[in-house]
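Letters A, B, C and D mark the chains as written, and numbering starts fresh at 1 in each.
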Amino acid sequence: MSIRCAIVGATGIAGQQFLSALIQHPFFKVVRLAASSKSAGKNYREAIRQEDGQVSWYVEPDYLNTYADMMVEDAATMPLEGLDLVFSAVESSAARDLETRYAEHLPVISTTSAYRYETDVPIIIPAANGGHAQLIHTQRTARKWRGFVVPGPNCTTTGLAIALAPLHRAFGVDRVIMTSLQAVSGAGRSPGVGSMDIVDNIVPYIPNEEGKVERETQKILGQLAAEAIDPANFPISATCTRVPVLEAHTETVYAALSKPASLAEVREAMTTFGGDINPSTHPSAPKQWITLHDDPFRPQPRVDRDVDGGMTTSVGRLREETVLGIGVKFVLVSHNTKMGAAKGALLVAEDLRLRGFL
Amino acid sequence: MSIRCAIVGATGIAGQQFLSALIQHPFFKVVRLAASSKSAGKNYREAIRQEDGQVSWYVEPDYLNTYADMMVEDAATMPLEGLDLVFSAVESSAARDLETRYAEHLPVISTTSAYRYETDVPIIIPAANGGHAQLIHTQRTARKWRGFVVPGPNCTTTGLAIALAPLHRAFGVDRVIMTSLQAVSGAGRSPGVGSMDIVDNIVPYIPNEEGKVERETQKILGQLAAEAIDPANFPISATCTRVPVLEAHTETVYAALSKPASLAEVREAMTTFGGDINPSTHPSAPKQWITLHDDPFRPQPRVDRDVDGGMTTSVGRLREETVLGIGVKFVLVSHNTKMGAAKGALLVAEDLRLRGFL
Amino acid sequence: MSIRCAIVGATGIAGQQFLSALIQHPFFKVVRLAASSKSAGKNYREAIRQEDGQVSWYVEPDYLNTYADMMVEDAATMPLEGLDLVFSAVESSAARDLETRYAEHLPVISTTSAYRYETDVPIIIPAANGGHAQLIHTQRTARKWRGFVVPGPNCTTTGLAIALAPLHRAFGVDRVIMTSLQAVSGAGRSPGVGSMDIVDNIVPYIPNEEGKVERETQKILGQLAAEAIDPANFPISATCTRVPVLEAHTETVYAALSKPASLAEVREAMTTFGGDINPSTHPSAPKQWITLHDDPFRPQPRVDRDVDGGMTTSVGRLREETVLGIGVKFVLVSHNTKMGAAKGALLVAEDLRLRGFL
Amino acid sequence: MSIRCAIVGATGIAGQQFLSALIQHPFFKVVRLAASSKSAGKNYREAIRQEDGQVSWYVEPDYLNTYADMMVEDAATMPLEGLDLVFSAVESSAARDLETRYAEHLPVISTTSAYRYETDVPIIIPAANGGHAQLIHTQRTARKWRGFVVPGPNCTTTGLAIALAPLHRAFGVDRVIMTSLQAVSGAGRSPGVGSMDIVDNIVPYIPNEEGKVERETQKILGQLAAEAIDPANFPISATCTRVPVLEAHTETVYAALSKPASLAEVREAMTTFGGDINPSTHPSAPKQWITLHDDPFRPQPRVDRDVDGGMTTSVGRLREETVLGIGVKFVLVSHNTKMGAAKGALLVAEDLRLRGFL
């Protein structure tokens, strides 16, 4: 029997990636769409029409027909009966109130930052810290909720946390320096990144992004303690930039390790990471969680973003690092609106289902 | 003595091009900035700050300092005393009411379409139809205005009308087919063209653009009759598209002529066009109104847009046309926010000053 | 039993699209790769390595493994035994000699222009003029070849000929004006279009392209006479430009028709076109040869190029045309390296197989 | 009296930037152009024509006329009489032999790497290490040359060395981590970066670039010892990437300092750097060697590259760094073919002239 889902924030880019990922999903079924009051009462096609009349649909063109005639409801007033789960991709300051409203009654899996930094809320990437889901019990008890909230990480955190997870597990990570080259889709659809700002250009700053990356990575790679996560204690110094690429974030990473590791050992740790995730229980999971490239010209965002359904983290240019400390440096590419947002959240849902939370 | 100007719509791209063009202008001086009520009461730098904090300034970086601390007024309530002229570049439906308010008292030279299609309002390109300015007398009398409104053409009309003007004058134009490849700056700053819509893409439709091009070109190349313009009677079939180019519209043009003309005669007509405009009275005018290229790979928007201060119309690929009718076909490039908007409007102001209207 | 194929010009973009399209094809099997002498003797991966070390592979990343270790042979000396068919995608002046060499012994289906303009050589698009294949008999007799040559059209011709075919069949086409906005992949891989020439830019000229479009379209839509094609006699006036789009050509088309047709009749003719092509005999054929869009903002190259495997011709903005003559105008998008090159040639092969030529 | 110069490698992008920078220079005059034997004997306009017929001229369009009819000579056989100086911008492995040939007789100022790593050859940035020019005496004596060779740094080194120079001077630099986002023009004109490789994409590797940056920066910021440069001993860990930007390299820099410095002290060191360079003796020098931005969204390559004639190094996002060590992190933008190549080399020439070497 299908788990009946609402997509809240269905009109944004992450929302559309949810709709794309949930077409013919074996476990989940989209039964309700919601967005801001501006969209409420329109059918979906009209709700995503821009001021100039153009329809903003950024995933597979033919999938739109599946949702075009569904009515979009007001996220603030949408009835919750008939729902088993809410996927939240709200691009606004309203996320906190909305997710609270839903979580009182239903499980909420979210791509937003509204609850990420609460002590009783885990940020989950299944292969890295699926066990943090146990914190949900604490959360429910403390908040007296029938449901719960589990957010995925920020899209820039996702690739970094996945690449560091096997290193931290095997060798310990001591210090990280990271520069991101982020795709325009990460800024959302409305207003998003204006073409005047990014054609033939780079914007060297994304508000709040760098702090999120540090805090979230530490939390994801931390240890579940009694009633909270004890964050990993390695510091991250980051510079986040926006580049003229449509989809997929590229990151250059320098990591000092706690104990020495050969490049062969690092490769082994990376390529085996996530091998315990079973595709039959996790149909959205990549076959290979980390895809390692020997070709130094890879990974490239346009070329590698859709590999493995946009769910693998592509790593290349793996080299020894000595300036930051004994460790490694590398380049990674991660699909920011698939693994880094909606499809990654769906993967969390698949994991929570297996763990009995759904 | 300087003519004291207000720039209304000062926060948009066309508004900024006004600010750029008016730095150290010999005749005009910017004394007031206005925009929507949202911007009113802020200094200019804050008024052009986007939601994410980024300052939207698209012209020479160091020119911003000249205007950064000027207060932006509400266009709807801005006092008119101390002003001799209003340049209007309002990007909204409010243009009509605002321009009416100003024109009751002051000359208004506009980049908007609010008044373009009124029978007593000329659309002026000085080298093509400067004499249409005489219609201002009719306008003032009919409307009982102390001021008047003169708009420049739509940015896509500008290059086409300039390229056709010498042909129409010398040989008569019978029929025109045109396809435009328009730059993103033409869509303005907010929301403008989202990068998700245009990177690696073309949008084959710009609402209302094609009709404007036909109607405006016919009016500009028409004859001044008693109390109106008798439009040129050649039809134009146009397809207007948006392409991933920052600035400058490219147009492919096919024109059937009323009487046969050799390519040499067409070249002569084009290259001598505008030769009677004097740079000392028209400091914003291009040295060459139409720049003809023999190299078939030119004109190119990135390469040719800034030639002659962004004020020339670059024409290339001049060939005989026989399918539409006996005539010529060619490609043109025109800077859409300079000659096609603010700086073109400034040139109209220079022309009206010489003709005694300012 | 599989038809054993060689891909000649396997290192170029069209060659790679052949390799992509032939992965697990039910009828055809790639048994040999050939290219210029520069590549000969290298394995495929090395043969596509650029001077700076980067591997130039522009189709599905994981398909490279299938071909990476195959030896690339010299197209000029490749043995022909063991082959049933040659697909030629040579990007050079050598195409004529090479295709002659192969055609003496084997069927050759080509994406090059080497033989396109010979009187005894048909240019085939199955749904438009599959019957022209009968000219192969004439060709073989005249040239005393055991094989034959059948080229597909130029990539810019393809979409135009497909869109005009149903109009010409149903109403007659009298005159055409076309402007193309062509993708960079059409210029091939080496040297191709340099990024310095096309970022934030348009190049308004592609040598020889416009003449090809006219000549080929007339031939494809012509009538098979005794021993040659009697070309359709409508003239085409074209302007071909290069734009910053990776894949898929966009074309604005104005067509005067011989007899009046309502937009509804034109739509009907377009949407039923190709309906007689059977997917079981033509696995590369699109489900819909022409996909019509009501949304005026479509088609868009990035959005629509991969619909139906890159094999449909997307048409939108269908409107009445009156300036060129009574008829229609529209915008089309066609994938230039799939339907417009390799996969289109494969579709020709499927058609010739059904007709007994393979 | 003018110093008579030859531009060798005149057909490449750096060569063209020399031609642009030397239009009406007060001290230098271009009297001879040279390139590879392939270009020899052609006039300049023909020499820069691509295979498809397009002229490759990437600087001010109207400057081409000044050079179009000059004959291009073969760099290997060009006579040296009548010359006082050679500017070398050869993009090939031939640079070493050619520069040797010239240096036996004439001063050679080069944008190539041919001689950069020789112990008796300084790499000069006037404001940073103009005094290293004294090494020319050693070089001439050792090599028995009447002339000499002085190269400028690699374009990616330039901005980094300039930004670090005042920090190293005032506080000492201990360790540096840098990620570059490099413009396509840095790869030269032929073949350069193909558009298929970079539209909507990033290439995470530029062969040899990272090693050059480390070695050159250490040398430039080193101390002139008896007969060689004693390099600065701080290590640099770099990742160099190519991004879809036409001109100007962006770099994210993390620098640990030897002694603590407040952000105010760092700002003071940066903004006063180069203040002793006199514009009357160095007409190519920027007014401000380092332009500091408080706006965190700056610097941006498209916006800031042409500030101060493309000669300033724009620095922004200045923040404290603690992960690499006590120090600072920031983002810089440097025009790679102006300050980072030809115009930077011209500035070296102006400096050597003042020091009596020319």
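The definition used in the following text is that a contact is a pair of C-beta atoms (placed from the backbone, for glycine too) under 8 Å apart; a residue touches a chain by one contact, two chains touch by 3 or more.
Keep in mind the model is a prediction, meaning the values are calculated, not measured.
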Query = Which of the two pairs, C-D or A-D, is linked by more C-beta contacts?
reply = A-D
Task = Sort the other chains by how far their Cα centres are from that of subunit C and give me the top one.
result = D
Ask   = Cα centroid separation between subunit A and subunit D, in whole Å?
value = 41
Query = Rounded to the nearest whole Å, what is the centre-to-centre distance of subunit C and subunit D, using the mean of the C-alpha atoms as each centre?
reply = 46
Inquiry  = Touching at least two other chains at once: which residues of subunit B meet that condition?
reply    = 53-54, 199-200, 203, 205, 244-246, 296-297, 303
Message = By the document's touch definition, which label belongs to this structure's chain graph: line, ring, star, complete, or other?
response = complete
Query = Okay, in this complex, where on subunit A does subunit C touch?
reply = 53-55, 61-62, 199-200, 295-297, 303-304, 307
Ask   = Which residues of subunit D touch subunit C in their complex?
value = 13, 50-54, 56, 58, 184-185, 187, 189-200, 203, 205, 207, 244-246
Message = Going by the contact rule set out above, which residues of subunit C touch subunit B in the complex?
response = 175-177, 179, 181, 199-205, 235-237, 239, 241, 243-246, 250, 252, 254, 296-303, 316-317, 321-324, 329, 331
